[in-house]
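In the two assemblies presented below, subunit A is common to both, partnered first by subunit B and then by subunit C.
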Partner chain A sequence: MPQAVLVINKSGGLIYHRDFEEVEVEVEDRNKPSSNDLLILASTLHSTFAIASQLTPKAIQLQQQPLPNLVPYVPMIDPDNLVPRKKLGSFKGDDYFKEPFQNWNKSGIRSIKTDQFTVYIYQSLTGLKLVAMVSNRSDTINETVVNNLLRRIYCLYSDYVMKDPFYSLEMPIKSELFDTKLRNLVKQL
Partner chain B sequence: MAIYSFWIFDRHCNCIFDREWTLSSNSSSGTVNSKQNEETAKLLYGMVFSLRSMTQKVSSGPLKNEIKSIATGKYRIHVYCTASGLQFVLITDFKQQSYTEVLQYIYSHIYVKYVAHNLFSAYDFADNKNETRGQGFRKIANRNFVQSLESFLSPMIVQ
Partner chain C sequence: MSSKSSGSAQLRSLKIMGEDVWKNRTEKVNAELFTLTYGSIVSQLCIDYQRDFQKVNKQLFSMGYNIGVRLIEDFLAKTALPRCENMVKTSEAISKCAFKIFLNMTPQVTNFSPEKDAFSLIIDENPLSDFVELPMDAMKQLWYSNILCGVLKGALQMVQLECDVWFISDVLKGDAHTELRIKLNKVLKDEIPIGED
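Entry: the complex of A and B
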């Protein structure tokens, strides 16, 4: 299960943040980043994301060979209620998608690995960035799994945020439905 | 092609060594300490610096949360920092997950041997105040260092 999920809008502002840190984790040890820190984090990610594409080595620029960009589909099965799957908003079937998909983030940062956690970034064609922070303690979660999860969150975003008449674009997301659906989705992992 | 370029930054934010390979077929191709790479070096240092400060801010526990690698869609950056403020950066492709041992070896067996233990080599590559804060231009030009680094890294260019 990821530690946190962030949504960054196309101008680099943090519009959604949710922490999934387990309660039993040593609470005194963890210095929680303040909301200001998280805003800085989001804009740092946004700006370094752009720099990364300018740093492409000359050897790759000379090659001109397109790199494979397809992300394989990873099914996410809820072990608790296998039989009747709840409806997925406006998506039909028992999963949001069932085929490998294109990664639109071709030259920007995809993941940052540190001693404690790994940050994964999924970017949509419209410039929205979904960020997941995964602790290094969980070894089952890799880049493909996180990309699949983040694309599902993007599906949730398109359902519960974009179709909300009270939501103004690029502003912080304050949708109860989005919140609970995201929570359920992340818990499956 | 497994490794694309290698960079060393000192504690004054200066790039003191850079090596870029351009052709996988020829291990001696590319540039060493080139003037053209100055801008790239600054961008690279700035990116690693801001991501490092960001990850340290959101870390938990008493230990420092150092950045290990940054992956983009096309290449991967591996970072190894020493307590003295040196930064060893290696840009590679995706075939190998971790280059930590490689960077550690470069630091402890090549940098320390040929630069730190060398009386004729400057131990600090910024001569005066004007060359700190990324304004420096001095590079490691030590022949032994360049040669042994080259022979150590050349098997990794084509992997």
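Entry: the complex of A and C
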């Protein structure tokens, strides 16, 4: 399960942040980043992403064949085995998609690995960035799984944020519905 | 040569993909509900603007634009299509995927300009204009389905294709076909998200 999910708009502003940290004793006294810190973190991530895509190794620049870019499909099984499954907004069936898909982010940062956790970035064709921070403690979660999760979050965004008449584009997301759906989705991982 | 054959294979798969997403990945509602809701919007606009149909056209366009800039996210989330490298690809994606998924129809793509930057969509079974007959005073000016132009303009703009979209003819006005024209003005290169090359 990811520790946190962030949504960054195309101009590099943080529009959504959610922590999924289990309540532990050690968390109590840890310095939580303020919303201002998170805003700075998001825009730094945005610009680092841009710089990274400018710094492509020469060998890859000269390569004729483009790098393989297809993300394999990973089904997400609900551990609580909810039968029948809840409806997925405007999406029919028991999953949002069921085939491998193209990763739009070809030369930007896809993941940052640290001692404690790994940051994964998924970028849409419209410039929206979805970021997941995953603790290294869970060894079943790799880039493919997270990319599958982030595309599902993008599906949620397209349903519960884009179809909200009270949401203005590029502004922070304050949708309870999106919140709950996201939480349920992340819990499945 | 090989690129040509793979290109046509991709176009065929676009069609299959559009049909698959529509069939298995999209919730359906009764099309009449949609048609009637749109009808009530247009008729209300005609009343609000005291039958000034130019204003109605403009309002429908801007409503469509606002829908399009949001609808593109839904389209991309459902299909995960890669970026279209030219307008021919774009036209196929619009007719075979986008129209199929949202309106369950496949308009015919014709009349490419020599530079391949403009094309027409022939919309034969327009679900917006079922049960519709334009009143005499609206015949000349009102583009009944003008919301479609706005949607296309808004959606294409969000994938950095700055286009003009307008109706050329409409069966409701007594023409043989409903024809919608899309012309690419320019690709907003600076605004393409970094990391795609």
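Definition applied: the second predicted complex is superposed on the first by the 185 of 189 C-alpha atoms of A that agree within 3 Å, B and C clash if a C-alpha of one lies under 4 Å from a C-alpha of the other, contacts with A are read in each partner's own complex, and residues count from 1 in each chain.
Please note the rule applied: a contact is a pair of C-beta atoms (placed from the backbone, for glycine too) under 8 Å apart; a residue touches a chain by one contact, two chains touch by 3 or more.
Since this is a predicted model, take the numbers as computed values, not measurements.
First (subunit B), second (subunit C), both or neither: which does A:105 touch?
In the superposed model, A:105 contacts both subunit B and subunit C.
Of the partners subunit B and subunit C, which touch A:53 in the superposed model: first, second, both, neither?
both
With the two complexes superposed on chain A, say which partner A:115 touches: subunit B (first), subunit C (second), both, or neither.
first
On the A-aligned overlay, A:33 touches which partner chain: subunit B = first, subunit C = second, or both, or neither?
Only subunit B; A:33 stays clear of subunit C.
Going by the touch definition up top, name the partner, subunit B or subunit C, that contacts more of subunit A.
The larger set of subunit A residues in touch belongs to B.
Just checking: does A:41 make contact with subunit B only, subunit C only, both, or neither of them? Give me first, second, both or neither.
A:41 sits against subunit B, while subunit C stays out of touch.
Does the superposition put A:62 against subunit B (first), subunit C (second), both, or neither?
It touches subunit B, and subunit C stays clear.
Enumerate the residues of subunit A that count as touching subunit B in its complex and touching subunit C in the other.
In subunit A, residues 53, 105-109 are touched by subunit B and also by subunit C.
Inside the complex, what are the residues of subunit C that reach subunit A?
These residues of subunit C touch subunit A: 24-28, 69-74, 76-78, 80-83, 158-159, 191, 193-197.
Would you pull the subunit B residues touching subunit A in the complex into a rising list?
1, 4-5, 20-24, 30, 40, 43-44, 46-47, 50-51, 53-55, 57-75, 77, 91
Applying the document's contact rule, which stretches of subunit A touch subunit B when the two form their complex?
The contact residues of subunit A facing subunit B are 25-26, 29-31, 33, 37-38, 40-41, 44-45, 47-48, 51-60, 62-63, 67, 69, 103, 105-117, 119, 133, 143.
Given the complex with subunit C, which residues does subunit A contribute to the contact?
10, 49-50, 53, 87, 89-93, 96-98, 101-102, 104-109, 123-128, 151, 154-155, 157-159, 162-163, 169
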